[in-house]
Every structure is written in C-alpha cells, then in structure tokens.
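Both complexes below contain chain A, partnered by chain B and then by chain C.
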Partner chain A sequence: MTADLEARFRAGERAALARVLTLVENDPNVHETWIGKLPPIGRAKVVGITGPPGGGKSSLVNRMISAYRQRDRSVAVLAFDPSSRLTGGAALGDRVRMMETWDDDKVYVRSLASRGRLGGLSDAVFGALRVLEAYGVDVILIETVGVGQGEIDIADIADVTVLIQVPGTGDTVQLIKAGVLEVADILVVNKADLPGAERLYRDLSSLVHEVDPKPGAASVVKTSAAENQGIDELICQIEGRIASKAEGMKARRAAAELRHLVLSRAERRVNRQLRSPEGVALIDAVARGELHPQEAIERLGSWGS
Partner chain B sequence: MTAERPPVRVLIAKPGLDGHDRGARIIARVLRDAGMEVIYTGLFQTPEMIVRAAVDEDVDVVGLSILSGAHLTLLPQIVEGLRAAGRDDALVIAGGTIPPADAPKLLEAGIAAVFGPGTPLNDIVEFIRKNAPARTASAP
Partner chain C sequence: MTADLEARFRAGERAALARVLTLVENDPNVHETWIGKLPPIGRAKVVGITGPPGGGKSSLVNRMISAYRQRDRSVAVLAFDPSSRLTGGAALGDRVRMMETWDDDKVYVRSLASRGRLGGLSDAVFGALRVLEAYGVDVILIETVGVGQGEIDIADIADVTVLIQVPGTGDTVQLIKAGVLEVADILVVNKADLPGAERLYRDLSSLVHEVDPKPGAASVVKTSAAENQGIDELICQIEGRIASKAEGMKARRAAAELRHLVLSRAERRVNRQLRSPEGVALIDAVARGELHPQEAIERLGSWGS
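Our next item is the complex of A and B:
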C-alpha cells in the first residue's frame, strides 16, 4: 500500500495528498518511509498568518487564495486550531470561510488540530511543508491563532509572518508587551471598514518606527476581507519581504524543527513520568507542601527515560 | 514508542438549503468533547463541495445533517462522489428530519446509519467509535 500511495501521490491525486498528510500527523515512524525522504522546502514560499480569534484570519486567507490564483500560483492552506487539553478533541472551523475557490484544483485546504503543542502549531507542520512542496504547491499559507508568545513559532517556520490586528481590541501596548513586533514582518489592520481602523493604523505605524526604526522594520497594511480591500497591497508587501529575507530561512526552519522534536519528545516523557505511580506520589508530596517543586523535578530527572 | 490511537476525524456537513444548523453544531460539539477532531462546513453545501472537503481533510467519518426533505436525492450523490474520489472507506452517517420509512433506502445507498430526531447523542458517539475505519498509528 505504501508504494501504491506514493504512486498516487506522485500522480497528483488529491486523496493521496490528504492521506499522506494524515500519516505525517499520526505516524511517529513516518520518517522511516518514503515520506521521510522528501527534501525540505526549496521552491515553495511559506506565509504565516496569525492574530487573535475573531480577527478575520480565515476571511483574509480566503481573499489571499483568490489573489494568488489570479497570479497563477497554486496555493495550500494549513489552518490550525487548538486541541482541547482535556479530551484531545478539536473543532476546526476555518474552512467555512475559505469556500470561494472550493472547486479549484490548484487550491488545497487542510484543517489541523494543534494536538497539545504550545504555539498553536502541531509537530506535523514541518513534515506537511515537505509534502506540499513535493506535491508542487507554490504558496503555503499557515493560519494559526496567536494570542501571545505562540507567534514566535510561526516566525521560525514561515518566510514571512503576517500579524493581524483589528480595531477595538485594546491598545497597542499589548503588542509591546507580548514582544510580537519583533517577529511580525507585516502588521495588518483588518476590518479596515470598521470605526477605529484609521487610529489603529496610525498607532501601529508610529509604534513600529519607535520600536525598530531600521530599514526592514515591520510594514503596516490596511485590509478589509469583507470588502476585498487592500489584498493586492498585502500580497505585494509579502512578495517584497520574501525577496529580501530568503537567505537563512532554511537553517532557521531546520533549527525550529529540531527544537520542536526535542521538546515534544521531552514533553511526552515528562507526561509519562508524572502519570506513573512515582510521579503521582511526587505531585501529592508537592501539593501537601512536603517537597519543594525544585526537588521534585530533580527526582524526576534521575529516573531517566 | 507507545502511540495512542490518533483522534477520529469527522466532517459535519449540511447539504442543501436548510435554514439553520443548530443540530449540526450540537453534534459537532458533542463529538469534539468525545475527543474527535471535527471539521464543520457551514450551511448550503452541494454534494460536490462536501465530497471535496471530505477528500481534502481525509476524514474518517462524514456526518450529514439534513432537514429539507431532499435526503433521498442528495445523500446518495455524496456516497457516490466519495466512491469516485477513492474514499469509499469513509463512514457516512446521516441525521436530521428523515422519516423512518426512508432510512432503509439510505442504508441501501451506502449510508451506514440514520439518526432521527431524539437519538441520544451518546449513541452517535458510540456508533462512530465502533465503526470508524481503523487508522493504525503505523504507516501502511
């Protein structure tokens, strides 16, 4: 079946692409198959799109898909939503807003759950990029909820990181606090048709120049996904950034992948330890105040893997 | 390495011209709370749109919610479309206002189960758990 799946994938069959991505998500040993031999991204460009829930990310992505199609590029979207920590379940609803090009064979949209990883992206993202490159996709849009430090992840993976802001959601101090200005290449004021957009645009523009007056500072773009405004300007800015930033991205992405792998392996080990009888006993002791947490983690470390 | 069973992936879709989707949303939430990954398509989907979403998302289960009375027309088209796209392994189930007399026709057309109004939500969860195609954690 592996050989059959590979042949169908190489022949460009959508169902095969979708199944390969499922294997990347589910199979811890996928790297031992042909899928593990796919080369890293070289030709395809990766655009990260992040911002608060309700910021209009999916609607903007919908417009961006159409804009890239007008430029005759094939597009894939990896739309991430959080998994429940409690049940592991997830509601993936981004696709609803990306129906404009639903019957276009050069557009592929995949919803992914974060599956418990910090930063809103799952471990599968790195493998998924290699698969989409091999499938021949030109532009890969990664959409992920960003509400804080999580955005750092996407900036290590994408060639360009777009941070969406909307009027009426607090002031620009939030941006300084979270430290996201350093990682965003482009700040988008979406829902520019709403009151307060002009003010937010001015605030962000002046903030960018206060924080980072160098050339290469983040640019600020106004868009309205609802009214299809500003999308071409956004795509132009993205293209410009890609041209100026391409160097070094491969190494940065590889480093991010290695760090991700190490951390997720460590996390699995720690979770296993904490669920074991010894782990439960340690947790009890810390909760009762009989053991300092620092001492507890040292004992955890001494169990090895 | 101890691999847990990966979450079941379910597409919840609304074929046809139904005016509301409360039932579909409730099912989506119940399945999510049962640990599944649920993709929701929204209202007014044609059979072709639903097949495309099921293929792209590589779901294990397609849940169709329909209230309009067009189930005998639309649902078999979706089963046929999945077959043509190479996804006849997907478990297709239906719910909504489907008269019990129509259920046998739908089962014959390849719908695995028909859940009428008043079905205990847990029955649906259990049916999916029992019948969703096995996705082993190992590459085929």
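Our next item is the complex of A and C:
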C-alpha cells in the first residue's frame, strides 16, 4: 500500500478501489498493516445472495443493481466463485460480461476467488467489506455459489441472507437436508415464469411455517429476473429485514472475522509445515502406519510458527 | 472406550462397531487415545460419491451396495448430511429407511453429521476410516452432499471420487464454474432415463476432453438407479481407477488427516476463546471499531490453549 494509492483511494478513484481490492485478495500482509485499521461496516448494508449453480443469481443481481440505482444508492457486488485447483483462479467469463454492462461509477462489480477451505468465502471478504465501507458504498451484495457450508458463512457476515431456488431442481425437503432454511432470511423462487414455480412457492411457504411458525420466520418471494418481476418486492423485504437485524449482526460479523483470521493463519502455518521436508516425512510415516496422527501433530505444534 | 467394547469390536460384533463410530463422532478424546492408534486405510477401498441434492445419490448407493454384495465384498457407507444449526443434527429420515432395507451383516450404513466448517465432512471421517479398516470392511462408500468445497475434501480422502449429475439442472458450464471437474475421477449421468440425459452425457464427455485431453482424464458413465442400469459399468470404472491411484492416495489422505486434526483443534480453541467473557469483550470492541482485528487475534493468541 503506497501513500499515492491510499490518497487516490481516499479521493474516491475507482481504479484505486480496484487496486486496493487486488491487494486484499493477494497480500495477507496488507491486512495486518492497513486494511485491518479501516473501520468495520457501519453505514453500508450487506446483503448475501446464495443458491445453487444455474439458479440465475447473476441475472437477479443485475436486476437488483438497477433497482438500487433507481433509489440512488451506490452498489458493490462481491462475487465468490469456487476456485479451480489446477488454474488457481475462477472462471470469470460471465462475470466479466456483467461488469461490462455497467457504465456507471456508482456500481462496482468484483469477482473474488474463494480459496482454501473457508466454506465458499475467503477471508478476503472481511478486508473487502472494510475497504468498501471506507470507500462509501451504500449497498454491498455478496454472491456465493452452492448449497453447503457457504450459506452458513454468509449468514455470519451479511445483514440479510437471501437464498435463491428455482423450480424443477428437486424436492423442497432437500432444503431441510441441506440445513440452509435456518440461515436464510428470505427465500426467492426465481425463474417464476417456469412450470412448477407456483408449487415451489407454496411448498416453501408451508415449509417455512412448519420449521419456524413465529412472525420472524423467513419470507418467500417470487421473482423473474428475465421479466424483471418481483424485484421491488425483494428489495422491500431486504430493507425490512436489515432494519430488524443490523445491530446484532455487527457483533456476529466481528466474531466471524476474528475466527476466520485465526483459522486462516493456522491454515497457512500447517500448509507450510506439511510442505517442508520434515512435514513430508511425517506424512509418509502416518501413511505407512508407523506414526500415530496425534503424535504427528504434536511434532508439528512444537516447530513454532 | 472400555476393554469390553474393544473386545466385542475386535470380535466383529456389529453393535460394537456402531458404538465405536458413535464415540468417533462425539468424543474428540477417543481420537487422541484409541482411534488414532488404529492402522490407516490399507486393505479397504474408499470411494467418494458426491453431487447436488436431488441427484439420486442414495438410490445409486443402494444399487452399488447390491453390486458389491454380488461380488462378495463387505460394504460400509458413511453418509455426511450437512448439519442443522438449530437441531445440531442431520435430517435422517431417508437414511434410516435405507438402513432398514439391508438385513445383511456384510452391509453397514452410517449417517454422520458434517459439523463445523470442514467442507461438508467432519474430521470424524478420518477416525471412521481407521475404525472400518480395523473392522475388516472391503469397500467404504463416502457420500457427501452439495457442490462446493465438499468435493475438494472428498478428493483428498477417497481412492476414487465419483461426481453425480442429473439432466435438467443447469448448463454443464456450471460444473467448470464450480471447479469440481478437476477433482472428479468419474462423472455419472444419473437418472439416464430422463429427457436430456443423452445431451448431458455428450456435453460432459466433450467438456472432460477439453479440460484434460490426456488418457487419465475423468470417465463419464450413464446410470439409472431406478432401472438398475449402468451400475456394473460404474463399479468396473471405479475398480480401474483405484488400481491406478491407490498408492498415491495414501500420502494425500494422511496429509489431509493431519491438516484436519490441526485445524479442528485450532477451531475448538478459538470458539472456546470467543465464547469466554474476554472473547465477547474483544468481539464487541472490534464490532464498534475500537479495536483492530489483528490486534484482537494477537490477544487471543496470548491466552495459550
């Protein structure tokens, strides 16, 4: 982080924001020096958007950007694509196309790779949130892929979590199996023009009521990104949820940030240890059954960091 | 672990196996004392089965059990269901039904909750593998849900990783986005009797060839669990892959086991710290922007374990 870059970032230069976010993603040291000293989320609203691949998340996010711009809010999108082991990067084709759509300096779309094992998000998300808050963004949409741990992490970070479902991809009971219903504030039936959308909407509505009959239970909203329908209703639901949850989320997000920082540091350390000649020897001994795994990790622990 | 339970386990008593696996799941101490001293996987073959919810994994696994039993192999299934935050457990309805189907002492089906953030598996999997190897099981099928980090973990553990896809759940290009193609050895087009199966098969085949044109690239197999078709072909592909990969997998699995043990220990420690009064005070200070996160984790680190 140079003084020049910081000055340009403080002056609101978009290219400087892009550079800073690249540092967030690639340079763990900048977290320990500069980014960790930025204020946490205060003014900005954080909305998590999650759902299975093929659910039309990117199109819906595009419609949401339009809706927020009509309300004169600036919007940033952080999209987490699962990273590829071989290439070390994410498949960015459709994301790049999405960014090209917006010629508006109040919209900023950024794709971040979800490295490592942190449930679809990397700890870059915490640095990115601090950077976007400092930049003065009004609304931050965090888009994650997949059904699994990803949603659980996003629910620790976002003021409100939106789960997208589409008709025709399996029984709604699978949602319970996946344990995601309990972390979503709003369930979206997207592609509501497809056959089966009405039934999915009814099933989800009764499922929500079964799991949690209280007034604070998740809402269910129908949208069609293709036909630009239901977007205002979705934004309205999001605003309502944020109003009721935002204060409690600040501590929950801070706890998640600390947990991620500690575990990322532990992960970097153990990966470094296991790649070293001593680590490889320990792995081989465990693989051959000559060393018990607990004994191996005691030896790892005694190396220091 | 009592001497009596150990004796009954060593004698091959199924009820004792069930009790030991319950200890694996619920008692971290038993890993440090007894289970960590069992030998690693040597004779048993480990097959990972993964795919999105609604892909028919359970039915396919049932057919695979039959096929292995016809070949006179004993089979254990470890099924990881994402755990529910509220209930702390997994939705076990269909799993229980599946277990009831088998009145055969060479088949053992077990559902394990995937606690925490370990990509759909918990480190219970490593203990369970050692227990099943010691019990003398021939084939261990590990079933995980979801598209995301789960597959990547399973590929570190299983001798061969099978990814199930079904027609009509989105473009195949989503597979690349999800980064899973590179960790799967065998791609299964399940529900091959549905419309679109032929096209999915062709798309996957050319996709595999594009990503990795070498002879060792992933195979694509069509199955129909409902009609019991393609199962022999799948088993045959699995056997072939295991033969070529098994040696290298032993070290990869040992490395994953050590990494998981270290990180689980770190996770238990940080969660304990963050729940303590000192931890809650640190979280609040970070949430209010009065303390930088790096400074907070330095203070956590200085508490010792």
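Structure notes:
Simple rule for what comes next: the second predicted complex is superposed on the first by the 257 of 305 C-alpha atoms of A that agree within 3 Å, B and C clash if a C-alpha of one lies under 4 Å from a C-alpha of the other, contacts with A are read in each partner's own complex, and residues count from 1 in each chain.
Just so it is clear, a contact is a pair of C-beta atoms (placed from the backbone, for glycine too) under 8 Å apart; a residue touches a chain by one contact, two chains touch by 3 or more.
Please read these numbers as outputs of a predicted model, since none were measured by experiment.
Ranked by how many residues of chain A each touches, chain B and chain C are led by C.
Looking at the shared chain after the overlay, A:V188 reaches neither chain B nor chain C. Judged by the touch definition given at the top, the superposed model places A:E32 against both chain B and chain C. With both structures placed on the common chain, the touch criterion links A:D284 to chain C but leaves chain B unconnected.
Residue contacts after overlaying the shared chain place A:S111 against chain B, while chain C stays out of touching range. Residue contacts after overlaying the shared chain place A:I142 against neither chain B nor chain C. Contacts of A:N271 after superposition on the shared chain: chain C is touched, whereas chain B is not.
Note: residues 32, 83-84, 90-91 of chain A belong to the chain B contact set and to the chain C contact set alike, using the contact criterion stated above.
Within the complex formed with chain A, the chain B residues making contact are 1-3, 6-7, 9, 28-29, 31-42, 48-49, 52-53, 55-58, 85-87, 135, 137-140. Residues of chain A that touch chain B in their complex: 1-2, 5, 8, 13-15, 18-19, 21-23, 25-30, 32-33, 35, 83-84, 87-93, 95-96, 99, 102-103, 108-111, 113, 115, 272. Chain C contributes residues 31-32, 36-37, 39-40, 42, 52-55, 81-86, 90-91, 117-120, 126, 145-150, 152-153, 168-171, 173-180, 182-183, 250-251, 253-255, 257-259, 261-263, 265-267, 270-271, 274, 282-284, 286-289, 292-297, 300-301 to its touches with chain A in the complex.
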